[in-house]
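Look for chain A in each of the two complexes below; its partner is chain B in the first and chain C in the second.
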Partner chain A sequence: MKSRSRRQLRLTLRYLAIALVLIVFLFPVYWLFMISFKTPDEIFSSPPKWWPGQIQFGNYAVLFKDGDVIAIWNSITVSFASTAIAMTLGTLCAYALARFKTGGENLAMWIISQRMMPPIAIVFPLFLIYVWAGLVDTHAGLILLYTAFNLPYVIWMMRGYIEDIPLELEESALVDGCSRWQVFWRVVVPMARSGLMATAVFTFIFAWNDFLFALVMTRTEVITFPVQLTHYMGGQSNFWGKIAAMSVLGSLPVMLTVAFMQRYLVRGISLGAVKG
Partner chain B sequence: MAGLTITGLHKRYGGFHALKGIDLTIQDGSFAVFVGPSGCGKSTLLRSIAGLEDVDEGKIAIGGEDVTDLRPRDRDIAMVFQNYALYPYLTVFENIAFGLRSRKFPETEIRRRVGEAAEILGITALLDRLPRHLSGGQRQRVAIGRAIVRQAKLFLFDEPLSNLDAKLRDEMRGEIKRLHKEIGKTMVYVTHDQVEAMTLADRIMLLRDGRIEQEGAPLDLFERPSTGFVASFLGSPTINLIPGRLVTRSGRSAVVLDTGESLDLPAQRAKLDDGERPILLGIRPQYLTRAAGTLAAGHARIEANADLIQPTGTRTFVTSHIGGVAVTAELAAHDVDNSEGRIAYALDMARAILIDPSTDKVI
Partner chain C sequence: MTARYNRLSTLIDRNFGRIAAAPAIAVLLAVSLFPLIYTIVVSFQNLTMLDSDTSFQGFMHYRAALFDTRLWAALGHTTLILVIALPLEIILGYVLARLFLEQLPGRQVFVALLVLPTVLSPIVAGATWRLMFDVRFGPVGQIVSWLVGEPVTMLWTVNPTLVYPAILICEVWQWTPFMFLLLLAALSNVDQGQLEAAELDGASGWRVFSKIILPAIRPVLVIAILIRGLDIFRIFDVIWVLTEGGPGTMTETLSIFTYQIGFVQFDTSYTAAISIMVVLALTIALTWALRRVEALK
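For the complex of A and B:
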């Protein structure tokens, strides 16, 4: 009897703790969404309004009318393209490193060390090169940059996942009539699927969140959404409605991706964790 | 003609010399077994045949065609791996069909062949399952199924039964032998288990440290080993090796044990020069029987205490000390009582194997 009530108490406390943590972490997200639906008056009303008087999409309408949402589209194209390229190239490189010991033991280490370079250290030299090459303010320029920055991460992660695939599976496929390419597509890719998905999500998010490169390398043509956001922060006043609406639009693709891939993410990340 | 010929094969891993000159011929349609202790190079040899290892020297020919420089896929072989190597993301059907798909067989042909193979192996009911929902024995069948649909020239098996429990292993061993009869292809089988080697093989190649120590029919190797190593490797319980001296005087030979007993060798075994030399007397447990009133021809008598008596039902194993070492005798179940103390053995000296301890060679 006693132990039962004790157990119940413990369970209740645990749920309370979970609820508390969820509120703390989710409240800013909730607040962001709410602001995006509010009128300017409501945004600044005191005491704060926990719930807008009436849901209105005025803030969004402005973004669409002024064409600001093109920034979201730019972010999507640039992030998506760079992720696709980095994943393809990176996984192939990782396969070579894992299975053919390309470059010996040290090449892999050197590659990941590239990732440790602070971007700020190279952003201005790169800018000059980009000016010279005519890549400033182009989609190709940003895609190239994000691909280059994500490659080391992809190679490093995928190398770990590939090394975990039993060699016998690939050898069996080789004997069964596959070329190396077929082995790659028919054995390595399906076997490393969770790892591929997890890595792709992180790669995508890196490109999506990047501010520094996008700020320096773009002017008017390929403004991405983090840069666009700063345009709403004026010297005198901030357009909170627009900021909130843009932030919501910018968060949705990432939220959807992660929700969609949750199953792979958990497996992929924990696989990597075991590998260390 | 799809036999296998290997000449002068060498394989090094960095500084380690894994295969030190392998020469062998395997007849078309026969069942050859590479056997030997762990690390002797069996897998390396098999993988070289498959093309999964690049060899440093030598030639490999399958069916008369030199395949030394061909890729695995061009050698027309099928291979069954120790850990089954099933694709966890494919159904049993797709696992078996894998090789046919990579060779772009038409769908109807794939269905027919997979159906046939599943029939032979009794796994038709499992075709839609994923490998993780199969037992070890079923997985092994799928792995074999994947090899047989290919109808390759040459089948390679690398310790395919070592992950199964004893009962299942016996069963699958029978299946593999039956399969060989049924499809009649050349098969090369690797194992460290001498029972598997003896029961399956038409021909055994016994490997030691990257060389073929001896090859021949299973009973040949068993009865006429060329070295002490071969004699000890084959047979269970292992052969008894008793130290002593071989003494030959005017055409008659005897083994004098370190403990003093003298065991006469039959006349036909004694084509030796007069003299004395150290020797290991190799005698298999089944050639130690109970001495009856009169000794049969070619037998030698010796008495010893029964230190340990282990009945198994059909046979009873008795351990005694003879010539200073533990010696096992394999007696008929009712030949010995559990309580017996001293036993008189008859050693079948015509079957004795004499080994030179300095060279390990049989004389």
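For the complex of A and C:
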């Protein structure tokens, strides 16, 4: 009896601790969302109000009216296109690495080391080339950049997922007279479907969240939402309403990811090192 | 026709590995090797915003970089953030992972909620903390005032004693959940039988940790440290939003510094030389680190 009440107490304490942790970590997110629903008067009241008087979408309406949402659209198109290309090229390459040991362990190591280079060391050389090639501030330029930036990730992740597929399936398809190409499309791709989905989603998020490449390579035409966000911040005046509303719009896709991809999250963010 | 097609398809089949790998490798080479060679060339010239002197200058810029106090300071700032944030994230992440380890009703939802900061764009994280830290309209100053019992004015992003805490709070807030998630996965794989046996033997908490838990989670820990360490080494976004490297150059990290001289001052050749040095140093460090990680497996 005594031990049961002690267990009860322990459980209650654990829940309390968990609640405390969640409050600390989620409060800034709450604050961001709340500001996006506030009126300017409420945003600029000191001391700050901890909840909005009423939920209103004025800050979002302004983003649409001023045409700033084009930044979200740019983010969508660039992230989507680069993900599609990186997934196609990367999965093919991953298949070669996993099944044909193309280039051996050295090639695989070179590929993953590309992922780990700091973007700042790569972005300046690339900028020089982009100026020369006229790719600055073009969709194609940014798409190519994100494709290249994400390829190592796709190759590394998909190699892991493909290695998990039993080899016998491919062998029997070959015996049945399939060409390598057919084996890839009809056996490997369907078998790796969930891995493909998860990898594609994370690839999309990496492109979506990037700031440095977009900051350097865009001027007016292809500004993505993180760059747009920094335009609202000034030394003296900040457009808090716009900052909050744009941040929320830019965060919704990644929040959906966590909700639907939780099973793949660990493997996805640990570069496949932890199978979760 | 069919004979020719057959021959072609056997040719493709025989070289399928190389053919499948080629396009991706080509893109990677185009975006890494080609600019790298170009940059090496530029780093030996003397291009600035005003000057387009393409004559050979030898190692002038490399030598200048070695004696550039601002560069070394930037490296110091980066290291400072690294050595404080990384251990904090590991310890906090481990404590949280222990807290969430046991099965509880609603656990999956709690984990998903806690992971939220990690998937946000770092720019959004920085913007969020700018809102939080704002001296007049943010809640942080208000909370501190309550705790202290008197009104305090905290200029988090301007005051020299507060800029590093501000950056570290944002950094640790965003990436502790990352450590938490990986360590949670690692801890769930620790052999329960071993733990119970140790408990029956009356082993101390520290002995259980150092003899059973730590060896079991070490591979994941190493990967997590490698990924986070490299990420913090290139920290840019959060600082750009919070302080832009200021006040002065107080919070200028390696990435911020390189951006400033490359894209604000347009010291083209000098930036090229620094880029090359960073790439070289990191390639050596990475090759070493990855070998070690491979050896762990």
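Please note the rule applied: the second predicted complex is superposed on the first by the 254 of 276 C-alpha atoms of A that agree within 3 Å, B and C clash if a C-alpha of one lies under 4 Å from a C-alpha of the other, contacts with A are read in each partner's own complex, and residues count from 1 in each chain.
Everything that follows uses one rule, which is that contacts are C-beta pairs under 8 Å (C-beta built on N, C-alpha and C of every residue); 3 or more make two chains touch, one makes a residue touch a chain.
Computed from a predicted structure; not experimentally measured.
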Clash or fit: chain B and chain C on chain A? fit
Where does A:Ile205 make contact in the superposed view: on chain B (first), on chain C (second), on both, or on neither? second
Please work out whether A:Gly195 is in contact with chain B alone, chain C alone, both, or neither, and reply first, second, both or neither. neither
Once the structures are superposed on A, label A:Val187 by its partner contacts, choosing first (chain B), second (chain C), both or neither. first
Residues of chain A touched: more by chain B or chain C? C
Touched partner set for A:Val254, first chain B, second chain C, both or neither: second
Using the superposition on chain A described above, determine whether A:Trp50 touches chain B (first), chain C (second), both, or neither. second
Check whether A:Gly141 is in contact with chain B, with chain C, with both or with neither, and answer first, second, both or neither. neither
Please indicate which partner A:Gln114 is in contact with in the superposed arrangement: first for chain B, second for chain C, both, or neither. second
Considering only the touch criterion stated at the top, classify A:Glu168 as touching first (chain B), second (chain C), both, or neither. first
When the two structures are overlaid on chain A, which partner does A:Gly177 contact: first (chain B), second (chain C), both, or neither? first
Could you tell me how near the closest CA atoms of chain B and chain C get once both structures are overlaid on the shared chain, in Å? 8
Across the two complexes, what residues of chain A are contacted by chain B and by chain C? 179
Counting only contacts in the complex, chain A reaches chain C at residues 11, 14-15, 17-18, 21-22, 25-26, 28-29, 31-32, 35, 43-48, 50, 89-90, 92-93, 95-97, 99-103, 107, 109, 111-114, 116-122, 124-129, 144-145, 147-149, 151-152, 155, 179-181, 184, 205, 208-212, 216, 225-226, 229-230, 233, 238, 240, 243-244, 247, 250-251, 254-255, 257-259, 262, 265-266, 269-271, 273-274, 276
Chain A touches which residues of chain B in the complex? 47, 50-52, 71-73, 75, 77-79, 81-83, 85, 87-89, 98-99, 102-103, 146, 150
Considering the complex alone, what residue numbers of chain A touch chain B? 166, 168-169, 171-179, 182, 186-187, 190-191, 193
So, in the complex, the side of chain C touching chain A is made of residues 9, 12-13, 16-21, 23-25, 27-28, 30-32, 34-36, 38-39, 42, 96, 99-100, 102, 104, 108, 110-124, 127-132, 134, 136-139, 142, 173, 176-178, 181-182, 184-186, 219-220, 223-224, 227, 230, 233-234, 236-237, 240-241, 254-255, 258-259, 262-263, 268, 271-272, 275, 278-279, 282-283, 286-287, 290
